[in-house]
Amino acid sequence: MKKLEDRLLSIFKLDKTGTIFYFDASTTTTKSLLRVLCRWRGSIWKATLKQLCVWTILYMAISILYRYVMSESWQRYFEALSAYLNNDINTMIPLTFMLGFFVASVVKRWSLMLNSFGWIDDSAIAIATFIRDNDEDTLMLKRNLIRYMVLNQALVLRDISIQVRYRFPTLETLVAAGLLTTEELKKLISIPDVYSQYWLPIQWVCDHLVKAHQDGKIKGEKLLDTIIMKVQKFREGLSELLRYDWVPIPLVYPQVILFSVRLYFGICLISRQFLLPNHAKNKDSVDLWIPFTTMLQFIVYMGWMKVAEALMNPLGEDDDDLECNYVIDKNLITGLTIVDHNVQDTPPLRKDAFWG
Amino acid sequence: MKKLEDRLLSIFKLDKTGTIFYFDASTTTTKSLLRVLCRWRGSIWKATLKQLCVWTILYMAISILYRYVMSESWQRYFEALSAYLNNDINTMIPLTFMLGFFVASVVKRWSLMLNSFGWIDDSAIAIATFIRDNDEDTLMLKRNLIRYMVLNQALVLRDISIQVRYRFPTLETLVAAGLLTTEELKKLISIPDVYSQYWLPIQWVCDHLVKAHQDGKIKGEKLLDTIIMKVQKFREGLSELLRYDWVPIPLVYPQVILFSVRLYFGICLISRQFLLPNHAKNKDSVDLWIPFTTMLQFIVYMGWMKVAEALMNPLGEDDDDLECNYVIDKNLITGLTIVDHNVQDTPPLRKDAFWG
Amino acid sequence: MKKLEDRLLSIFKLDKTGTIFYFDASTTTTKSLLRVLCRWRGSIWKATLKQLCVWTILYMAISILYRYVMSESWQRYFEALSAYLNNDINTMIPLTFMLGFFVASVVKRWSLMLNSFGWIDDSAIAIATFIRDNDEDTLMLKRNLIRYMVLNQALVLRDISIQVRYRFPTLETLVAAGLLTTEELKKLISIPDVYSQYWLPIQWVCDHLVKAHQDGKIKGEKLLDTIIMKVQKFREGLSELLRYDWVPIPLVYPQVILFSVRLYFGICLISRQFLLPNHAKNKDSVDLWIPFTTMLQFIVYMGWMKVAEALMNPLGEDDDDLECNYVIDKNLITGLTIVDHNVQDTPPLRKDAFWG
Amino acid sequence: MKKLEDRLLSIFKLDKTGTIFYFDASTTTTKSLLRVLCRWRGSIWKATLKQLCVWTILYMAISILYRYVMSESWQRYFEALSAYLNNDINTMIPLTFMLGFFVASVVKRWSLMLNSFGWIDDSAIAIATFIRDNDEDTLMLKRNLIRYMVLNQALVLRDISIQVRYRFPTLETLVAAGLLTTEELKKLISIPDVYSQYWLPIQWVCDHLVKAHQDGKIKGEKLLDTIIMKVQKFREGLSELLRYDWVPIPLVYPQVILFSVRLYFGICLISRQFLLPNHAKNKDSVDLWIPFTTMLQFIVYMGWMKVAEALMNPLGEDDDDLECNYVIDKNLITGLTIVDHNVQDTPPLRKDAFWG
Amino acid sequence: MKKLEDRLLSIFKLDKTGTIFYFDASTTTTKSLLRVLCRWRGSIWKATLKQLCVWTILYMAISILYRYVMSESWQRYFEALSAYLNNDINTMIPLTFMLGFFVASVVKRWSLMLNSFGWIDDSAIAIATFIRDNDEDTLMLKRNLIRYMVLNQALVLRDISIQVRYRFPTLETLVAAGLLTTEELKKLISIPDVYSQYWLPIQWVCDHLVKAHQDGKIKGEKLLDTIIMKVQKFREGLSELLRYDWVPIPLVYPQVILFSVRLYFGICLISRQFLLPNHAKNKDSVDLWIPFTTMLQFIVYMGWMKVAEALMNPLGEDDDDLECNYVIDKNLITGLTIVDHNVQDTPPLRKDAFWG
């Protein structure tokens, strides 16, 4: 019970922080803008800094090679090569378009995944509304239904999200976390088909619901049907998540994008070198040594691509990824709190302030 | 009651204004075009003017530095730098594409949020239709149901929208506004889980509905189910709003865009300087001192980005943001008016004008 | 009755024309292409001609000023300015992208509005199918239900569409048109909340349906529920229309687009002037006086923007806008015809031609 | 009956061909690629060849005029004009973007139309499942229901698709085709409102279904409701088709696109002429007489636009258009076959091969 | 039975691999990036390597011809041609846009197809929940229902996917695989209409369900309706798949894209030749013999197009295509396992760990 309360607390904190951040950003002033730009966690800076350093070191190495090591004829050749590569690079590798369209389709997929994540409150309210008794047996029933649904979610997410896998490396850890009893575990592992294992808790839920109807705890066939439909909607969302995991975007698509971005900046290592002034045609051009503009370009494009990478695997361990463990805890707490609510607690009817 | 009527009035006024504005714009004549372009509130002008001034002052400062402070060799170097930066800037920072795709995905998200905002009339009509008695008790029931639903909306919006938070800083202010009784408040704060607090009023609504069915006020299990489905749809919309708030677009995406736009115009401070005619290669070029075209570009791009900023946080305090408080009031007034409607008031059947 | 028949006729005519036009265009031959290009009503030509004339006159005026009024030093300055503006204009104002993305999002919104417009046939068939008696009272009931639904639509469209407002400037005109009786009008104006006024006729419909169920005219709770769901779907569509009207696309977005297009062609007035040959660097260049290519560009871009303008306010008075009054009439006629259909008129069962 | 069988045969053939084509293309080898590129029917080649010839002839005529007919001063002027036009053409007419966005929105609309086309199998299975008797009367009923639904589809498509109009020029031809009896025809033409005529057969279907329920042939109100919902879904699809026909994309949009493409290639007739070498600045440039690259560009752009044209009117007579008549036949055959299926024919239960 | 177990095993293996791959990619580190880039199966490398080789050989052949075979005047002509082609190629063939928009629309279609693929677990849980008896007869019934649904899927996929066709070349092979009994086969082939054949197993399912309701095995009309709705949803998905197969994207669209890409690189064979230094204007330019940059461009564009090709026919035999046979097996195993689950196996209610 302790553990649960701790989690509860951490959720509140997280929730508050989230809210505070949002409030700050809700008017678009310069200050809030700066705050958005300066955040480190999950930011463009964190995402690109390391790679930018590596790239810059490589650039400097090539620069030194060209200026101090090469003979003059080699220098000439290097300059010609640099000019040749610089010439076609932007029509050759249409980064902007590829990234634009790729990010658009990945954002879409991401928001579909988000919607099918499985939020328990819909089913929990239906259960609490239509199963109205409050004796210990019925309460036990209602709490068990919630637990089975969260168990189902945990089973599915264990196979998709590495965060959840870390938390529940084996089925036994689910028992330790209180989501599963040893008796239930035995029944679960007696099922040969992995995929059916996922849905076994949902079958238990449906079975208990039908029994509750037969026992007269749910009054009416239509109401039973309504609860089961809500539970099935929860399950279907998780089933869709599994499907997104099984059938990812065909490998060629991200490969083309990842390859193109790296290739582009690989070529830039040569094509964007400052040529020695006495060789350069345009004598006015500056020799800054450090490729300032290309570095900015690196940040912009790599940052853009990070968006795609972060959204392609939204269940991973990156800073921006969905916190699956948090969702499991929230579902458990909210679900139990909702079904614990006693219908006798509903406030009696009163005339409202606008009466008359 | 007074307060309510005042609000009512202000709503009518707002409504009328809205209508009038719309009527004007409904034929696309030059005059209506001018009116659209000249509006200040929530306009491109208001959004960009201050930043444009700052930018222009910085530009002028650099210009004076370059013309009157720098030595000639420094001037040469500055000119080379300016040319170097001006050269690559458009391929380096593909603003048009990034903004185009980003605004497209933000507009989509915005219209999804708008749809899930929670409008009460659907549920209110269902309640008024299927709970047909008109004695004081039943009327009290119907009015309470509406009030609970609006309360639910207010509770959710308090945590998302800063406007609503200003209006209802504490739960006690909800009591003062007549949305909550002190008795109900006590029950509400006795719930430990914030998230479940949101849904408690909806549980009360469902509970009262089931009781009304048991008391024979709602005639038929299917009709009960229909009303509850409408109420749940209202709640699901608000639940989706919360989800959009919890899982914002990954930070990297807006950061990349915001950073790129600022970077672009930062570079323009140097690259778009008018070079002294005797140094410039193209002797015909004008020296306007004020970077007229870049200023226009500033307005266009910053305005475009303001679209994205305004739509990313549609519940904030910007001029274009949704007026959440207005929606809460409207829902309360409309809901109460609809359920107050007495079925005995339905006009009797008459032959229509086209009979025969 | 006369009036109704006239309208009926005009509908047929309109319908036929529509069909004929469509048939012509259904094979994409050169002839049908020419017909599409040459249509005047609602065409690109009509939309841009006036503005093009104004622009050309301004261009000519500046041209004459430059050639005959200015001193030579002023001419030199003008030429430098023209070159300066011509240089950056396309990267400065990325018209193509802005228009492309804006039109795409506006087209989407437009097709959503179209779908939620409110077509009565679904509800009418449900009413005619499930309320089967054909005595005068029941017929009166069925006709009244249709009339109330059309009345609801007229009330909503009056506040959104200026066409409908012209046709029904006051509520009394609705009485004159036969959509409302004076008795009903009194009840309608006794409702203080405008928004609830819209939905009052729908409440009447629901009320009559519930009564019809109680009287045994609708046999079965599920069937009652089905009819009410259809009626509510009709109402929800109109409710969505109102919402699109209340929460338009944030002003900044169209303002940025409108401003950019005008700005672009404003700058073209100077930047696209033909410079005097003896000053121009490229001596071969022609001096056409009339800026032929820029005029074509004007037509193309203004035409493209007209698409956005026409679709932003689809309920206005432009040639391409939805003919709201026609929809109201069609709904009334079709609805009445469908419910007038006597079930005794259904042809008896016969063996079909393929029996065997 | 003969006719039906012939059609049946032709359907099989068509089906097989379709399948075979698809199989070939299912692995993306060079051979299958060539087959796709070389197909003539509905191809880019067929779509653009004629227009390309006309364009090339015009080009050659202008070329000859320029080379052999013009005086030298005219030639100079022509050359200047050609250079002037060639200069701005790509920024002036942003074909790529316009086509890209237009085709995207047209493809979307097309796939929406495809979905709402009306496929009968859903309703047919519902009818066959829930109306279980197999005496001659019930069989007649079931077959009649199918026929009425197909009749409804034929009536709607007659007014939208020119193919179907050719097949059924008058209502009498529907009688000849066995879709309508003369008795039913009389009832149909006695309805004054065209639009209601479409839905009359659906009203007959609903009426027969309600009667079947009253006669005890459909056991249960909910099952009756389910069948009627399926039939209504079929009807709604057709109703949406009609709506797409009535409210086409506003004329300005396709007009802008069609005009721009033609204008572009019209200008190319002059701007892409090979200038005489002794006048040309770049003496190295080839003089090919035939504008090879512009011809390829013509094929690419015109082909792209053909996509838009083909998808804008998917019910026309072009090669790629939906074969409406085939759909009508298929619906009739499939529907009748499904309802003919005798429930006594369902195979008895057997233990399956994996019984454990 | 053996065969089934083998398949079971292979499924587990495949599942694990999939999971492992995903886990690796879930944090976007350099290592995981390299792994993504280096995969061969279904990769950009495998897709483009062969074609790149052919292209390079052709390029070298032309290069040798130009350098050693041609006379000097021919060389001059070749150089002029190369320059002429190189000039316009990028505006002439707007590959980036065409590919961007085409891939976007193909990705959309692909994800729609994926969703309508037919997953049995929804129906299987409904069957297992509502048909609760566990005697041999009922078990046989439940297993038969699952088998019929999988049979339906196999029948449909046989005609769409070449993988499934290879596995089940004739209907007899379905008998051998245990999906069909010879008795059922006879009934199946007695149906004249191919299309109706697909749906016959679904009719059997519906028929058995109605009978089970009549025998009291399904308790309640609403529950029967719910199961049948789930089964129909399964069938509708497959029906949509068939429709996507019948009405492919109009041929012109892919043809334009395929043609344009090939044409572009065909022209590059000439336009991207390194010209002999003494003829070239820019004497500094390198002569690399091998067209390094164009080869990279080839990989990028061909890879991008492979995305479109792979997604256009997702049921083919390419590496990235959906493994239809695997889906059929999984559906059979999961379905049987779920319905085999005995309701007596549901664990009894226990107080959970958080009780209290």
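Labels for the chains are A, B, C, D and E, by order of writing; each one numbers its residues from 1.
Here is the rule we use: a contact is a pair of C-beta atoms (placed from the backbone, for glycine too) under 8 Å apart; a residue touches a chain by one contact, two chains touch by 3 or more.
Since we're looking at a predicted model, the values are computed, not measured.
Trainee: Compare the two sides of the chain C and chain D interface and say whether they are made mostly of the same residue numbers, over half shared, or of different ones.
Mentor: Copies use mostly different positions to touch.
Trainee: At what distance in angstrom does the C-alpha mean of chain E lie from that of chain D?
Mentor: Each chain reduced to its C-alpha mean, chain D and chain E end up 25 Å apart.
Trainee: Chain B to chain D: how many Å between their CA centres?
Mentor: Their C-alpha centroids are separated by 40 Å.
Trainee: Can you tell me which residues of chain C touch two or more of the remaining chains?
Mentor: Answer for chain C, listing residues that touch two or more other chains: 97, 100-101, 104, 222, 306, 310.
Trainee: What's the contact topology between the chains, one of line, ring, star, complete, other?
Mentor: Looks like a ring, each chain touching just two neighbours.
Trainee: Going round the ring from chain B and on to chain C first, in what order do the chains come?
Mentor: With chain B as the starting chain and chain C following, the sequence is B, C, D, E, A.
Trainee: What does chain D use to touch chain C in their complex?
Mentor: By the definition above, chain D touches chain C via 1, 4, 51, 76-77, 79-81, 83-85, 88-89, 91-94, 97-98, 100-101, 104-105, 109, 137, 140-141, 143-144, 147, 159-162, 165, 178, 181, 183-184, 187, 191-196, 199-200, 202-204, 206-208, 210, 221-222, 224-225, 228-229, 232, 235-236, 239, 243, 245-256, 258-260, 262-263, 267, 306, 309-310, 313, 315-318, 332, 336.
Trainee: What residues of chain D sit close enough to touch chain E in their complex?
Mentor: 8, 12, 15, 18-19, 22-23, 25-28, 30, 33, 36-37, 39, 41-44, 47, 90, 95-97, 99-101, 103-104, 107-108, 111, 114, 119, 121-122, 125-126, 128-130, 132, 220, 222-223, 226, 284-286, 288, 293-294, 296-297, 299-300, 303-304, 306-307, 310-311, 319-320, 322, 330, 333-334, 337-338, 341, 343, 345-347, 349-356
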